[in-house]
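The next part holds the structures, each set out as structure tokens.
Each of the two complexes below includes subunit A, the first together with subunit B, the second together with subunit C.
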Partner chain A sequence: MMSKTIIARPAVLLLFCVSALPALAGLTAAFWVGLDPAAMSRVVATPGIGLSIASSFWTGSVATVLALLLAHLAVALAVSGNWQRRLNALILPLLAMPHLAIGIGLALVLAPSGVLLRLLSPWATGFELPPDWLIVNDPAGLSLLAGLVLKETCFLVMALGAALGQVPAARLQTLSATMGYGPLKSWLATVAPALQQQIRLPLAAVFVFGISNVEMAIPLGPDLPPTFSVLLWRWFTDPDPAIHAQAYAGTLLLFVGGIAAILAANFIGGLARKLLRASAESGARRNTEWPVRRLIAAVLASGFILGLLSIVAIGLRAFSRQWRFPALLPDHSSSDIWTDVAALSASVATTTLALAAATALLGVALVLPAAERCKQSADARRQIGAWLFLPLLLPQMTFLFGVQVLLIRMRIDGTFIAVLWSHLIFALPYLWGLLAPARAAIDPRFDQVAATLGVSPAKRWLTVTAPLLARSTLLALALAVSVSVALYLPTLFAGAGRIATAASEAAAAAGSGNLRLAAAHAILLAVIPLCIFAIAYATGSLLFRHRRGVPR
Partner chain B sequence: MMALSIDKLSLCINGQVLFAPLSLCVEPGSITSIIGASGVGKSSLLDFLCGILPPEITAAGSARIGNEDIGNLPPQARGLGRLFQEPLLFPHLDVAGNLLFGLRRGNSRRERRERVAAALASVGLEGFEQRDPMTLSGGQQARVALLRVLLAEPRALLLDEPFHSLDDDNRRLVRDLVFAKAKQRDLPTLLVTHDQEDVAAACGAVIQLQAHV
Partner chain C sequence: MRTPGWKLLVALLLLPLAPPAGAETDDWHAVVAEARGQTVYFNAWGGDLAINHYIEWATTRLHDDYAVELRHVRVSDIAESVSRIIAERSAGRDHGGSVDLMWINGENFAALKTAGLLYGPWARQLPNARYINWEGNPSTLIDGSLETQGYELPWGTAALTFFFDKARVARKPMNPADLLNWIEQHPGRFSYPQPPSFLGSAFLKQMLLALSPDKERLYAPAGADFAALSSPLWHWLDRAHKSMWRSGRLFPRSGPAQRDLLAVGELDWMLSFNPAEASRAIRQGELHNNIGALQLDAGALANSHFLAIPYNSTATAGARVVANFFASPEAQARKADERYWGDPSVLDLASLDAQERRYFDVLDTGPATLPPAEHYLAEPHASWTTLLEQAWLNRYVR
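Let's look at the complex of A and B:
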């Protein structure tokens, strides 16, 4: 037992060295370089800067509130209606889809010449030509809001689902049912407040992402002026180096915004609990919940269909040249377009897949030994989880810019290793969240039985622990692949613009307004996560399919 | 076979002594029963013998098989067979896989398979090799768990209320089987139990473990 502790402790340290340490070092470096009064005053003097910052906060905060509301309603509806497993399966494709892909797809659906109006034209609207409406990139940021709500609702549903294990949901439900409450109301009044307490970190991450993202704001966000994060992104990618100092200083403002977002998320979470509790104390009951349930289901379903449509739209746009307006499908999809897209994305696909595979394998290899160390201590698991989560609570641009400064000092900026490292920072919190509890859930007596049968520790791990972890590990690999594929800013900063992945190409194309090219790259963004999850689930259910006792 | 002996053993959890210093000797082929209130440290006593005490429990005293002190050996080198309160068959292996896991190395693959088949037949489970352990009844699982322990050729047997979770009929059958196998192999056996019937059937020494005050 003792020797194991000693071997495993470095495993935990290593995890910090790969993740939280560079994030904090990057933050420090960002302050070191970015604190420049002259540049800061130029940032503040930028025309429209106030509107930029306001639209970042407006979209980020409203998206967070709506996503939280919808996520609670979705989970309440699903669990109280006994289809929670189906809900998890339903959100998986949207959850696995990168923000950038959903953003590009939604732009193709919502635009005046988009799929939505084609579905209604000309029979319902009478349009023979796309109308002159500013729907996508609208100044109020409504389409950006829609995209954020779509993605973040799925993320929060997942977070709520993960928290479900820590709340005695079934007992609370039965208890309030005996007091005359319907399943939906008893869920919202008794279980949801406890769950809300458990998802404080994910909620803060959603808010921070909401105000600081570029992945959705580039294809969907307002244009003149853009959101603050997109403005910074334009400065960072500007060919004129004189502009860069402004970007450096701007990331510090973004950091302050991130802190404000965390505080605001905390406030929203507290408010949500207060409201849920107030509804519990009101004592109001309904004889039938069906009308309310139908209404909620309809809202959720329309959002879900919008998400699926945007995935379909990416495919249609990528494999077509001509797409006259009211026609629902492109004119022709010839084979030379296929070869076009293939030639375009072959080398990008290789880089993207290599990065994703390396991130997944290395990430799992880093997490498993540390999870082994923490299998007996829920406190240790939670603390390590919180540290690993830290990079998700910082605006990506602030600390990534600092990381880039450090990478240049180390002379490894623009290398595969540097980008891999930056991807690991973002994959590790998810891997930990999945694998650490899965490891802890394995009955320790299996290992003890194997020990009394005369088997050495290393062989015990290989023959008993590893097989019981196999299914979770497969899912973890798929999760890490989908995280890595989706990452744009880490690739941009650590790769110094020299490493081209599907995400970086799609973002660049969307940034220059070329949605067809963006869609061609977004195809990879959409297909890789979907395929990898399909493979992981299929393999997982084939493995041990005649063994009922193996954990799912 | 050699005797299993414990000399002046006391266990401490967070500085609190669990039971009065315990010394005992179990001769080969005999079964010593240990009874006592729950929480007095009966299972921890077996954990100590197996070398798997949780870190918060410390032990003073020694344990020997014959003249060999086993206290400092790693768990896998102690050669003690233990039946836990539940069968704990590995869920990812079939019945034969569980038994092959227990069986010591050596011999050809075919001979190993034959030994497993013979072992299963000896407890009335012919042809159960390919079965998923989760599809077996409690009594059947208990018998497979016993075989798994015996195939590892232990020097002593530790029983931690292994009949507790079985229904009345199965309890008698499995108990008779376990005791018969232990005697047949001349193993010193230590039985931890709550059940007076177990104690009576063991026909051996009885030690009442009392909380240290």
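Let's look at the complex of A and C:
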């Protein structure tokens, strides 16, 4: 239970009112409106519904398992090979890139007329026309899987990296190395299980997102039928009220499915732990681990290259008009395309940036006072973090639909404030995860020294604590901006279609299959997060170039 | 124009309902005065750059001439806005709705009109309504199978056109049999937008009309004979799918998606309701210039699109001023001009005076534009659309 003293603090209470409360209210509203047996029976009678639900769960669960495996292996390789920092720097661009942008980019890379085959045609393949291969939007969802694995591996690498501080990794490694185990096996047998305990919440979020996302499934997922979440997304936007009722009922099915999947994953996780323990206790050691290491490194590297190629492909398609296969570069690339794309993006860019900036500033302003209150209690920090994380564990569509019902009742749907609020719900858990530990890590003696000099608390915070938090705050701002830029469903549900952001425009274009237009909007999705992180890092090092020991 | 007799009859019966233009002038001044300073949220499909630019042009003109602020709310499917309005109704928001004017037709119009969620009737009271070709083009009065009754204003009209890569199509296939022949000789190079998308359903109706011996039957509600009457279509599709793009297991999601696939070389064909679409795309460098066009011998499926005002709009005066501007000879001519949009006008050019006609004299026609269709086919009764879409999904989504 949450300790009463912490929750009673106004700063913490405010945080709940902005985040967990609307999420729970939205969920309640969704159940209130959605429980309709007649609509549910129509959901079940939809052609291809079984396949649709199956492909959601198949892609979501396989992607989560593969991403988790790859993330553990990547971190194990990096730490044991002493390139942990390099790994973090490498994944940053892919991590900052929204799912939607990577999805659109991958569609442009993997399609038969995509960048990969253009690189090889016609000199190696002999193709003058693109082959008629069903790769993107394939019924088995393999390209969707590839996209999800690519993004979630990066996310889990970050989560594992953050958890590394909580685990005595070096000591465990050394211990098992003295027993004659190679670095990889010793990592997997000792450190990985300890890390795994630390990343259960982020992993569950990855799993739920994998099952319920539309951002990746719109550009890459199967079409006949689409994944369940995309089917629901189409129902939500249908003119027929009878079909709406179907969408409402369907989101409940998605919710129940999500909960069931998490319970099943927990059970399977228990089995996996037993297997791992058996393997650890078997005592088997390999003389050489390098072939395995090479193979894993190759898989990781090709995934990384695929990710970078998809960013390049977005740029190529956005700034091309004709792009007939097999030419690698667009036929005409003239300056008026730049003005075209700029004109297209100008108003969208303004809204996107204004929303992102407001989300970041307001989010940090909400989180810092609460973090100040919890600086001495790791328990409180963890509990608040878990509550804030709750919306990330729910299928977005289910509670957002409920939130939309509430917003319409309050008559603030379609306003900037409503969308800002919905973005805060998703930015706060990340801000808390970054800023609360950063605040707690500041040595209290600085503050105590200042207090003995008779400095007032407010001034102490401004002159002592704030500078020490500046770097983390800059990063937090960048993180919140990149979260806000990527959000699609919150913008759609709270924005009533009136608030057009780069994400909503790109998703709409990708939904109608118009990849050129989707790429033109995805450019913003790709550029804003990259720039903002670059600025945050640069400002951080510029501000403190004459000081040592300011926490990064 | 070929259309069932009863439709023309209804159209003619509706004509006297329009009030005489002169009596309305004063009222119209009042509307224009009321509209000043209003913001009009215009929900319109935003998936096409040229159309967006055209609406931006109108935004500037409306701001300058009428002090009306037009806001183009770009939607990926107008159905989203229809569902919004329905949601607002169920939430009791009968004033201050989020949509003031919408670009709409067919089943979306039917959904709003039958639910009583449209403001009106207003369309025939506009000053510029006198230019519209109400008599010559029954699709301006009957949308799908529903009479518009002045609840929406025709904005543009068009006919289903097939565009193809001339280098790959030697002889134009003018009927379903020849088209099937071409598809089987060129596996993987033909497709159509996925039903129930707007253009995909149109393709099903076009092929059903072209394949049916008794077209007249399709203008009455579908009944128990649906399976028998639609079976030529399913036979044709079953065979065609085997040789189509991705073997008929994947379809372009929309018209623009298909144009994209033609542009990158995955397909040799695309469909559009706009006979000028390819010419415009060529002019803008989006398509290579070796594109041809055809409309099937059986006749091209005709289709009009409209502007409607939701019942809970608070800017109905502003919305009417915007709609009236869109129906003006100047705006209609610019819309018909392929340099801007290239969407055929709904006006009766004979009703324009010399000065107004001049707007239309300077239109430029591109290389892949067909002359106006000789043989229009009206939309089958709306019940056919629903049944065709359902049957298609049941048959091909497994």
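One rule holds in what follows: the second predicted complex is superposed on the first by the 530 of 552 C-alpha atoms of A that agree within 3 Å, B and C clash if a C-alpha of one lies under 4 Å from a C-alpha of the other, contacts with A are read in each partner's own complex, and residues count from 1 in each chain.
Operating definition for what follows: a residue touches a chain if its C-beta (ideal position, glycine included) is under 8 Å from a C-beta of that chain, and two chains touch if they have at least 3 such contacts.
Treat the numbers as computed from the prediction; the structure is a model and nothing was measured.
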| item | value |
| --- | --- |
| Contacts of A:P369 with subunit B and subunit C, given as first, second, both or neither | neither |
| Of subunit C and subunit B, partner touching more subunit A residues | C |
| Which superposed partner A:G385 touches (first subunit B, second subunit C, both, neither) | neither |
| Subunit B versus subunit C as contact partner of A:L453, first or second or both or neither | first |
| Touching partner for A:D443 - first (subunit B), second (subunit C), both, neither | first |
| Touched partner set for A:L468, first subunit B, second subunit C, both or neither | first |
| Which of subunit B and subunit C A:L517 touches, first, second, both or neither | second |
| Subunit C-facing residues of subunit A, complex | 47-48, 51, 111-113, 129-130, 132, 134, 137, 139, 223-225, 236-241, 244, 321-325, 332, 334, 340, 343-344, 404-405, 408-409, 411, 413-414, 496-498, 500, 505, 507-509, 511-517 |
| Residues of subunit C touching subunit A in the complex | 41, 43, 46-47, 49, 52-53, 73-84, 86-88, 91, 93, 96, 98, 107-108, 111-112, 115, 187-189, 194, 245-247, 249-254, 256-258, 260-261, 263-266, 284-288, 393-394, 396-398 |
| Of subunit A, residues touching subunit B in the complex | 1, 443, 445-446, 448-457, 460, 463-464, 467-468, 470, 544, 546-551 |
| Subunit A-facing residues of subunit B, complex | 50-52, 55, 74-82, 84, 86, 88-94, 101-102, 104, 132-135, 148-149, 152, 154 |
